[in-house]
């Protein structure tokens, strides 16, 4: 457990020291969302109809951008070798890094989302489910993304390749994330999509750290 | 003289036998054996490409061996995580975060390996490599030699019986080599072991030498048609 | 003749049925041709390497 | 298991299978295509377009079988370090991608006359499209490393991650599809009659044996490139040794 807390504390401290990195991700989230009214037109009812989906898609892309650097820096400066040799189970190390990633990018995205939802005229009853869905969905995004980020370590075209590997795997989260917002707006009050998102999170939490650990181990071989 | 720290290790011997390793389709070495007793030192020598770094990474458990086994006290290793906890590995890369100060960098490794930061021992590790003056500076301001000393100071923040050092003398000036020699001597005096890959290991006193050139497979140098079949 | 025309017409869906079969045929034959050419090229490369080795 | 781990043994068996697979595939195509195009009846709802089904469905089956095969091979490679298993996975991936593309193209060619548009977000077509991206990801990752062994291992892990995700993606897409537009007509939902099953099975057999035959060719090529790589490596070693001796 000491490895988990030590690594989590270090990553959070680093993120705080280089807070511009997290800010950039949130700024990307904002600018990408704001592009939509320009592309689609400012009619309130059209925007309200697509608000949930737009926020989810841009949040996924923003998270993806930050995932590129999840292991790369540690890989390039030799820290990853040392972390593999930390004496603790590697999935635990992965979990610490993913938790830090979620706290420094997932949480800011959740906090930012209602502000952006305002600009898209999201109906009032949509805010709570949207934030709840992001809260349940972004951990899966970080966990699944970590597998991809570990797999592309040392490749010639890391970032683009990462999107190709990970985005198809994000589709289930996107479907149920958007559906939880839409279910409330269309009046079909249901927790089904949210429960499924929670199920995905549990599944990702049990499987992804091991897959990521396997990928990291072969990256440092 | 570096004083003993709490949570010390029990001296044990470290050995390997029948080791072979294939990298990128090439058999780097084969039939390699070595042994280090508590307090012992082993210097790895050999021409470029003879696998010094590969052997160190194999000893650390990062690279799997194609054949053979490593052992503590002649008991083969079965748990890579427990094995990793018994060693410190200094690679070509310094694993330093430029945004952190010298103390913070070392403090992280200390908390990772020992669960908490012990200021007295941390200060001692910083002093051992003559970094006290720089302790509060962010690592991004350090020169290459200073960064290397900071990486070496990691050896002292948490005790472990086996030190694996890959070319630790590079980028060090004479006084720093002295510091490294002192640290190694103190480590060995406690029953620790050192395995160094180096061209001129002036900082290791009376260690044994392992020439890796001996274990370079001859068949790989002279590609024969019989060996085609077996290789993939 | 008439029979052949009705067959080719595919009940008015010729524009979709024939391209489907055509594209599939092209893809499958392409796979075979590519695999064979690739294999031949590697065999040649290997032979030249082996010859160079013998010539030393 | 060990018998197949040896490339020479494995290829001996594979080469023995090759003429049979190639011949059988040719025969099945020669029987299956005329039945599919001529003697099988038109569907009462879809008319003659149902003939596209005899390509679409076998391609879909191949897409799935090849991916599961790749995942099994990757697992064997990661667990037992079985080199041939990985080679099979690597050689299969581009073929899987082509079958997936064929499945999509045939689905679209069927969709235009039936739905009036080439693309409808039909559950099956959508899952196929996602599967296509998963294939592309595998191929891109396997090819992205300087050291081919690293690419092999990374791609093997990805194949296993993908195989866990495929059913989840299918479930999600089906759920999403029923939520948004209950599809009234689907290429594969038409009631199968006995007359349709015969050409369907013939074409499936033809596709399957075709895959095996081409796979053997591709495996031979892959093995040769491994040998070429080794030969080049030892050439480098020889020139290094000669330089040292001089």
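A, B, C and D are the chain letters, set down in written order, and residue numbers restart from 1 in every chain.
Methods note: a residue touches a chain if its C-beta (ideal position, glycine included) is under 8 Å from a C-beta of that chain, and two chains touch if they have at least 3 such contacts.
This one's a predicted model, so the numbers in the text were calculated from it and none came from an experiment.
Asks: Can you tell me which chain lies farthest from chain C, using the average of the Cα atoms as each chain's centre?
Replies: B
Asks: Between B-D and A-D, which chain pair is linked by more C-beta pairs in contact?
Replies: The greater number of contacts lies at A-D.
Asks: Just curious, how far off is chain D from chain B if you go by their C-alpha centres, in Å?
Replies: The mean C-alpha positions of chain B and chain D differ by 46 Å.
Asks: Once you find the CA centre of chain A and the CA centre of chain D, what distance in Å lies between them?
Replies: 31
Asks: Find the geometric centre of each of chain B and chain C from their Cα atoms only, then give the gap between the two centres in Å, rounded to an integer.
Replies: 55
Asks: Can you list the chain A residues in contact with two or more other chains?
Replies: Residues 221 of chain A touch two or more partner chains.
Asks: For chain C, write out the residues touching at least two other chains, lowest number first.
Replies: Answer for chain C, listing residues that touch two or more other chains: 50, 53.
Asks: Using the touch definition from the top, which residues of chain D touch two or more other chains?
Replies: Residues 227, 231, 235 of chain D each touch two or more of the other chains.
Asks: Sort out for me which residues of chain C touch chain D in the complex.
Replies: Counting only chain C, the residues touching chain D are 7, 10-13, 16-17, 19-21, 23-24, 27-28, 31-32, 35-36, 38-39, 42-43, 45-46, 49-50, 53.
Asks: Show which residues of chain D lie in contact with chain A when the two form their complex.
Replies: 78, 130, 133-134, 136-137, 140-141, 144-146, 150, 153-154, 157-158, 160-162, 164-165, 168-169, 171-173, 175-176, 179
Asks: So in the complex, which bits of chain D are touching chain B?
Replies: Contact set of chain D toward chain B: 7-8, 83-84, 87, 147-149, 223, 226-227, 229-231, 233-235, 237-238, 240-241, 244.
Asks: Going by the contact rule set out above, which residues of chain D touch chain C in the complex?
Replies: Going through chain D, the ones touching chain C are 33, 37-38, 42, 47-49, 51-52, 55-56, 59, 95, 98, 101-102, 105-106, 109-110, 112-113, 210, 214, 217-218, 220-221, 224-225, 227-228, 231-232, 235.
Asks: Flag every residue of chain A that touches chain B in the complex, lowest number first.
Replies: Per the touch definition, chain A meets chain B at residues 2-3, 5-7, 9-10, 13-14, 17-18, 76-79, 81-82, 84-90, 220-221.
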